[in-house]
Structure formats: C-alpha cells, structure tokens
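The structure appears below as structure tokens.
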C-alpha cells in the first residue's frame, strides 16, 4: 500500500474512530476542527498523536472548499467524511474525483451516491429487481387524475389485506426530513390534501411533484450492513434493529442482530425475514456494482413483510454493533468496519468472502445524549463537569467529551455525549450488561442558570428491556 | 444619576480608539495589500456599495478573494510573516485601529446609560416579526417596551424560543445586533431608555455633538 | 434728443453684444478669431456710452457692426457639425413657445401653466394655424405637442421629458385622435430624463411608439434638437421635417466621445474627440436627409434662427401647413397629391418666398382615408433605415455547426473547449464595456467584475484531468445535455450575495454544470453564454436560423468601425447582434429573435432591426408566437447614427402589426437590457419578463448621475425593482425558463395563433 494520508472531515466520536482505524492501518491522518470544537476530544487526540501539523482550524465542517483547501495544503490523499456532513453528498465525492488533484473519497463512487441518494430512483430499480418496496408511486406525480387512481388502488389493496385502518401518505417529492408530508385516512379527503401538498411543494421547492404511498404502521426498523469492494466483492455483516427512536426519528438504542427468536416470539418466521432482507440487499448491491460500506434500510411489518426504504451510502453510527457480533475466520477478534471501509476505498481487495464470516452473540448500542426526553427530547446545553463510566472488557465507549476537565457543549451541534457499545454472548447478557453500564455511569453538569444536567440515561435504561420485541 | 458624564467623556478623549482584529474568514493563502501604519477606509457611498480599502487577498481553491476593510483606521500589528503563507480559519492577520467618531462615542456611552437586555445564551437572535415590521417602517425611537413583551426570538440548536422582555418599561432606544447574528451569552441585544432618563440621554448626545471633533 | 438717440444706441449695443455672444456660443468660446476683442469693444462702448458724442458713437457702432457681420459671415461659411450642436444649445435659439406664439394664431396650453405642470419639459396645446388663400384666411385646428427647453427656465429641465411628461404627450395624442385633428410635434430634446419611476423612461417611450404606430390622425414632426430615444417619444410621424441648423442624433457627441475614448466617469473628454464624433455621427439636417431619416429640411438663416426671427417662423408655418396638406392628400388620391406637390415645388423655386396657398385643403379624414394613412405610414417606416448588407450566400450555417459541435458527450465538452472559450468571453466583455454607450458604463463594469471572477485575467486556465469515460452514471441519465464551457475549470467562485446570504464559494463545474449558473443558496444567476439558451430552452434539433444573409455594415462610414465590425464577425462567426430562428418548445412552433452580448454587446443597428422586423412578419404570416429573448442589449448602435435610432419606430410598428393580427409577443430580458430597444419594440410588449438577477432600464447609473446629478442605489435596475415599478410582468428563474415559456405559450396571446 502506498503511503496514504487521510483527511478526517468530521468531528466527535466518529473522527476518533477513524483516527484509530488509520493508526491500525498504519496510515497518516489530519483532522479539521472549528472554533467551537477547539477543546474537543478529536482535536486533543490528534495533537497528542501527530502534533499541530495534523490539526487545521476551518470555518465550517460544511464548507467543501475548506476541506479541499486543507487536503491540498496538508498533502492528504484521501478524505473520510464520517457520517453526516459530506458522507452522502455526491457533489463532494464528484469534486474529489474530478478536480485537478484528485483525492480518494472514502465511500462509494459518486455515481452510486447520486443514484442511490434518490429514494425514488432506488425504489424504481428495486422494483425492477423484484425487491419489495412500500406500495405507491415510484416517480413524482403531476396529474390529479393519476394521483386519485393510485390513491384508490392503495386503499383497496389495504382493505384486501385486511388492514384495520388503511391510510396513505402524500409527500412532496422534492421534500425531505418530514416536511410536506400528510396522512390521508379516507379517500374522500384525498383530493383536498393532494392539492394542499402540491401547492406547498410548488411554493417550497418549485416542483409540484407529489409522491403517494401506503402509510405503514406497527413496524420495526431494520438495517442490513454490507461491505463491498471495487473488485465486485460483496459481503454482508448481518442485520440490526433500530426501532427505538426519539420523536424526531433519531435512533437511541440499536441492537444486532435484527431479531432474536430465542428470546421473543414473533408473529412471523423471523429467520426467513432476515435472510430475505439480506438476499435482496445483496441483489441490489450487485446490480449497481456497489463498492464500499453501505446500509440497506428496511421496515418489517407485523405480518412479516420486509420493504426496502432506502440505501445509506455511508458508514453509520451504529456500524460497530454489527462489527461486534461478526467474526472472520483467520482473523483475530471482531471486525472493524471503518478499517475495512478505508481499505476498500483505497482499492484493496477484501481478503475474505462471505463464507469466512460468522456471527457471535448480541450487541447493543446506547446513545447518551444531553436531552430532556419528557419535553420532546429537547436538547440541553451547558457545561459538563464530571463524566465517569465503568471500564469493562465487554463495553466500548466513544466520546469526544473529555473526562479530565469541564467541557462546554457547543451550541451549534447536537448534544451527543457518548456512544456505548455493549456485547454479550446472547441477548439476555447484552441487555443486562447494558443496564449495568447505565447504572454505573455518572454525568454531572450545569447550564448557564446553574441547573443540573439532563440526560437520557434513565430513558435508555427503560428501553433496553424492550429491545427486539415486536 | 450615578453615571458621571464628565468622567466618561474624559475616558474616551484620552483613548478615542477601538481596535478591530482582522481574522482570516477561512483557510487559504494570504497576500497582503496594505502596509503597517497604512490608513485604510471602510465602505462608502450612500448605500455603502463602494467597498473599502483592499486589505489582503485570500486564495482558496483557486479563488482569490478580495478582502476589504470594513472600518476606517490605521493598520497595525500586521503579520507580515504570514504573507504568501497558508493560514487557518480565524488566524489573526492585523489590527485596524479605528478612531471613534461622534456617533460611535455616543453609542458607547449610551450602552452605559441605557438598560441593556443581554443575550441569555450563546445563540442566534432575531426580532419577532412584529418588531421587525416596525423597524422597517423606521419607528425605532418611538417603540415602548414593558415587561412581558415579546421582542426577540432566540434560535438555539435549530429550536426557536421567544424571549419576553424583563426590566423597566421604557423606549427601545438602541439595537446591538442584526437579525440572524450569533451572539455570545451576555452580549447586549438592545438598550431601553427609561422615560425619565430620556432628557439625560439627549443631553449626552448634545454634549458629544458639541464637544467632540471628528 | 441727443439723449434719446444715445439710449437707442445703448439698446442696439445690447443686440450687438448678443450677436457676439452667439458667435462665441457657436465657436465654443471667445478664443476664436477676434471675438474677445469685439466683445470687449461692445462692453467698453456700453460702459462709456455717455463719454462719446453721438457722431462718434454712431461711427464706432457702425464700424463694430461691420466687423461683427464679417465674423458672422466667416462662421457661417463653414459650419462644422459641433457648431451646429452649439447653435441648437444656445440660449438665443427659438423654442417651442416662440413657435406657438408666432406660427399659430391662438393656442391653449393643456395641462400646464409654466411651472404648474406635471412635466414642464413637455407642452401640449390646442392651437389654430391659418392659411392664406387669395387674401382669405382659413383656420385649422391642430394639437401641438413638443418639448420646451425654456432657455433659462430651470424647471423646464432643458426639454428632457420625464416619463410622465411622455405619458401626458400620449394622452393628448389620443385626444387628437378622438377629435380627428392632426398633430404637430416639435422635438427640442437632448434626450429623455433617465429615471425608472413609473411609468418609466423606456417603457413610456415604447408605449408612445406603440400607439403612434397606428394613431388615426396625420402627424407631422419638426426636429430642432433630436436626442435619440427622447426624440422618438413624439417622433413617429407621417412626415418628419427638420430645421436646417438642427441636429438629430443617436447620442450626444460628448456621450459618443466618452464611449469611443473610453473615458472614465468624471474624466475630461477631449474636445477634439467630441468634434470628431459630431462629424462621424452624421447628425446634421443634410446628413439625415441623405440617410432618409427625415423627409424635408426647413431652411433657417445661415447661423440658425433665434427667438425673434419672424421670417423663419413664417417659413415654418408655411412648411407645417404644407406638410400636413401633403400627408392628407396622399390618403385621398395620389393624383391630387402629385398636382399639389408639383405646384409647390415650382413655387419654391421662385426666389421670393411666398407663403400663400392656391387652395384650401381640409384636414379631416374619412375612415377609409385613415386606413390608408396607416398603410402609408407602415410602408414609409418599413422602407427606412436599411443600412445593412445582404450577402449573396447566406452567412453560412454557423448555428447548425455550433449545434453539432456541442452535441458531444458531457466529458468531451467539459475538457475540450475550455481555453478558447474563456478567452473569447474575456474579449466579449472588453467589447461590452467599449460599446453601447456611457449609458451602460457602470452596468458593464459590474458585469465585467462578475466575469473577472470567472476568468481572472493573467492566470492561465487550470489544467483539467482526463476522466475515464467508463465512469458513467450507473443508470445512464441524460448526461448528453449541453453543459456550458464555463464549467470546464477546477476552481471556485464567490457568489456576489455571499455576505448577505452566507452562500458558500461555488465549484465552477457544479455551478455552470448542474446548477445552470444559479447559486443554490440565494438563487443569484451568474451570466451564461447565449448558446446555453439555444441548447436548453428549445426542443433538441428544432432551432432553424433564417435571414443569416443580412449582416451589419458601417453605413455612416464611421471611422474605425469597420475594424471593430470585422473583429466582431470573426469572433462570433456571425453577421449581426441578432439571431432569428424558428424553434419549438414542447412541440409548439415559435419564431424567436435573440439579441446577444457577444456581437457589439447586443446593440441594435439596421441589420438587427431588419432581421427583427422580418422575424416579426414571419411570425405573423405563419401565425406563430413570437419570442424576443434579450440575452443582452446595450441599446442602439451609435456607429449607425440615426439609422440605428430609426429602428425604434420601425420595429415597434412591426410589433404593433403582429400583435394586432392576434399573435403572442413575449419579451424576456436577461443580463443587461437598456436604452433604445427597451424604449421601443421590447418595452411595448404586453408580456415582458425578466430573468432573475437581470437588469432592465433606460440609462445606466453613470448617465443617471451625469444627467440628474443624483446617485441611484446599486440595485436600481434589478429585475425585481422593474417588477415593483410595473415595467415587467414577472420574473423567471433560468432553470424554469422552458417550463414557464411553455405555460405562457399555452395560456396567453391573441386568437390567431396556429394552435388555438
């Protein structure tokens, strides 16, 4: 491997994890930070390990010009976007590839990011490959008659399936993040809602295209973790269950594997559902010649039907719980997916195939956030004065919050404090260990008015009991 | 009245300057276009549409950006050693020593005389739409406020909170931020003048007008 | 007795002093000949009036007068164009109020009494003009509309009509039409007052032209000072007379000099250059008669008529009556007109001027005669201003070739054309700033600045890396679409609104490729080359250019312009600043005229006007919608003088006939659209739209500053302000141009479109 230097275009715990992966791979790295993050853990670690030459202050994590500017100046040959920020920005990846001094983007090639970045597009190809998707339109609808016909059809289908309260969703096709979505419970009000959304879409996005799909209720949110290389290798690392989320659809507790029939009873054949999801995910990956890590998001309804939602063309926060339960024969210890991701992006072969991968135990991820769960998960901000947690061989903690000095949470970013990954030989043990961990964690802090810190620790404690239960 | 106007004025007369630190807005290679001690001008024209003196060029990603002065003043503490070098965002490049004019002295003294409503958190601030609308109509000096009035919206972590005014009733005399600015905790948002202090405030302005040479 | 005589001499001395000052006016100062000495001499006599004996004084006056007369003869012997301009500007020259007093028997001013007037620079009056036939007097009712320079009266604004002044003019034209009386226009303007306030300088002139094109009464115009667009606001007449010492020009000689000499604002324009431009612009009555932009010259005394030149007023009255007669007679029968004209001609040949008429002619017209009047007017203007060249072979099919060359694959374009293209654009921009006029100086400067971002002058374009063609979209999306060659460089630019909206620097390939030159944060439109529109606005392969054989020329023989023209042709590989073509938008066929910046910054001259008219007529006969897309226009091409100016009424007339026939005329402004074209055939459209970030107006900020003495805000001409003032009907985003155009084609327009 030629001497590569990775620019880590992210902050917080993912930056730290990428640094560790680089260290293990023997790669050089540089980090960037903003004024608000000068006291952050990733900056400290980089300063300690590589000195001030590897640390650059930039104006914003979201300005691509800053990233490329630092990359060129520092001689970086690759950029790891982490998650969020530029991880799914195909324009960023395209610029990295096409600029005069090309830089390896650690992620899938830009064409894949672009094409799978569009949910409609993904849905269309999935459909063509016989992969189940949520019933509804697979391209924006502009005509009212067309929309009404489809709405009628969707209601009828649900009735045939014996669904109790059938409903559909009307969405602005150009929208996203929950904006411009309305639920329709009865066909009679459809036209009214359709027109409202159409007007909204036209006003907001300048495109009056509307999507219509069946509204799913009572489902679990599952994911399939894939790792692919530029040499057409495709390997999966099982499934995850991310059903426990905040009101803003932010994941709070994740578990791998996706279901566990040994601890809960499911109204369907859980084993088969998981296998199908994996099979379908690989089918799509092979079709588009996917070439890096990626997550295929699914929902599974109570009747045991999986539907493909979308593809996340990036490493995810919760990747490590999949890695934790995966074993590769001939390799010692659990897998490090970030390492594998970097290797793959640099053009290496995987060195193993699916038959070398086996699974062991259950892993749970807890996201410790300074938020008030009772008040709609409102973020808390202030200064953390004490942060202590137990050190056990079965737990890994990722945090940018220093343990040796007070830390003020930057107000411009979400108040995520730590990621905790617990492993147990089975689900029961994992749950117990998770609860033990929470009980022994101490976080103190004060806001500007002198009130104590509010975290979601007790919420997490409650939720651990419910994991994997349908 | 606890404030001694004479003392205040004396203070400003002995040091009528304000130093503006010029920081690199982003990374890039800097090329200075001014020299130590050079006099520079801020934007001019009726609509401030003519840019000020060119201070330096900051080139990033093959885009040489011309950075002009936003103040009148004298260049000091120029970091000549950085000329032609790559700088990080926020790197101090020079100071511009700006001589305060009548208006600015007045504002500073007012800050000490008025009841200041500070920013409760480090956050982004906006006026409520009602207040903004009044400003657009130019009705600033006649805007009375009392405890409980909704004046400002604080935007923190993408959540908006409306702030109610707390303090003595009076006239909203001075505003210290632009809509959408991020302010540090405790930075002044606006100043309210108590009705009984209005004559005093007018006196301050009058005295500065007559005693100060621009 | 002696006392009185000396007092008379005093008065007489004042007139002598006036005569010397007048000569100084003409020669541009007292430096010429012995003017200074003469002037001092007169003054000396005036001061020491009573020191002289009567005899002495008379002798002195007599000899002085002789010397002044000699000087006058010398000046009159060879009047240079700049001196004619000076005559027109002299405070001693006659004004409209003098004409009303002396040529008309009675008049009532409408909508004004001195200062109490919506615009004292424009006068409208109901007047009576008389004709003597064998010692009998006949009275004609006419409407008189014109500019009052009000020599010395500040409030008259030197005859610069404000937008509402021109609106007033239009209102009284309509009154005349209702009452069926002829209109006499008197043009005494250095130009229209360049402000955008409603109804807008440009837009109101356009409305006036649009109405005058089909106004159902005889119109006669008389030009003393014909300052470009301002003159046209009341200039589209059936007969155009001109004072022999008047001027009629596309731009003031000073304005032209500032452009030709590329003089910076506030800089001194060399006098020599001004004189040179005055000659080149062909602005005298004789020149204009030769160019066919006027019909007849009204003789003045050799040094021009002054306020008390009663002989001249008599002549003028006669000429106005006669011109009206001729217009009226032409609508009745050609034979009657011939007989009349011949008789007058033979009379004119007699040495002694005779203002008596043989017959009385009534100036009222029947409906069919009015129809004929309009027909004659249309023919008259269509035949004017043809200072273009017609090639035997069409100007090669450049468009098609360009089309083909750009239909390569995405990457070919991305990496192939870069260097040449960026150089071209740089040149174009230099051109933009030299051409056009001072009017647009500041505008082009800001546009230049925008391009300077894109192509910093000394730097070489960066090398771009070759891309593996196999790395295509996995879904083979439409990558074959046209990508601007501007996109072909690895660099970033700053959005001009960055400070206000926090726009991030944009990577040029993203900006000019996927973003279509639009800042994704604030929506600012960066300028794009006109080819982008050809490729992205119309259905692929539907563009078919016509009339390429009509190319721009140098009809005035303007010195140095041949080379400029040659360069423009070489660079653009086109023959004029307008492209006219058939095209389709989602299957709807339409005719398009496109003024583009690369060729003399989209200025309009004879070739452009002709091609526009032919496109307009083509749309009328094929019953297709007609789109005028203005990529940029810098106004009327000054190098074609009044042949350019005359394109304003010409093209407006064609537009009027198209709209009246039941078509759909849409005007879309982009980048910069200013002056003459906006003040005529563009501004008269009922559907005018600005592309976002475009600028629309009459005169640029510099001219506004120089004429009005006040500055205007930087966004004064921005499309949204034009919308706010009611000048345009909407603002379109470039990315939605095609969609909006299609919707407009479907929903707007008259009943005679082929698809309706």
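First chain written, first letter: the chains are A, B and C, and each begins at residue 1.
Everything that follows uses one rule, which is that contacts are C-beta pairs under 8 Å (C-beta built on N, C-alpha and C of every residue); 3 or more make two chains touch, one makes a residue touch a chain.
Given the structure is predicted, the values throughout are model-derived calculations rather than measurements.
Student: By the document's touch definition, which label belongs to this structure's chain graph: line, ring, star, complete, or other?
Tutor: Contact map by chain: complete.
Student: Tell me which has more C-beta contacts between its two chains, B-C or A-B.
Tutor: Here the pair linked by more C-beta pairs in contact is A-B.
Student: So the centre of each chain is just the mean of its C-alpha atoms; given that, what is the distance between chain A and chain C in Å?
Tutor: 64
Student: Report, in whole Å, the distance between the mean C-alpha point of chain B and the mean C-alpha point of chain C.
Tutor: So the centroids are 48 Å from each other.
Student: Can you compute the centre-to-centre distance for chain A and chain B, using the mean CA position of each chain? Integer Å is fine.
Tutor: Whole-Å distance between the two chain centres: 42.
Student: Where in chain C do residues touch two or more of the other chains?
Tutor: Touching at least two other chains: 462, 490, 492, 505, 507.
Student: Where in chain A do residues touch at least two different other chains?
Tutor: If we look for residues of chain A contacting two or more partner chains, we find 63, 65.
Student: Tell me, which residues of chain B touch at least two other chains?
Tutor: Only 60-61, 63 qualify.
Student: Please output the residues of chain C touching chain A within their complex, sorted ascending.
Tutor: That would be residues 462-465, 467, 471-475, 477, 490, 492, 504-505, 507, 509-510, 514, 733, 736 of chain C.
Student: Inside the complex, what are the residues of chain A that reach chain C?
Tutor: For chain A paired with chain C, touching residues are 62-65, 91, 95, 97-100, 102, 109, 111-112, 114-115, 121, 125, 206, 288-289.
Student: Which part of chain A faces chain B closely enough to touch in the complex?
Tutor: Per the touch definition, chain A meets chain B at residues 34-35, 56-59, 63, 65-66, 68-70, 73, 378-379, 381, 411-412, 414-415, 448.
Student: Can you name the residues of chain C that touch chain B in the complex?
Tutor: Answer in residue numbers: 453, 456, 462, 490-494, 505, 507, 711, 713-714.
Student: Residues of chain B touching chain A in their complex?
Tutor: Touch list, chain B to chain A: 25-28, 60-61, 63, 86, 88-91, 120-123, 156-157, 159, 185.
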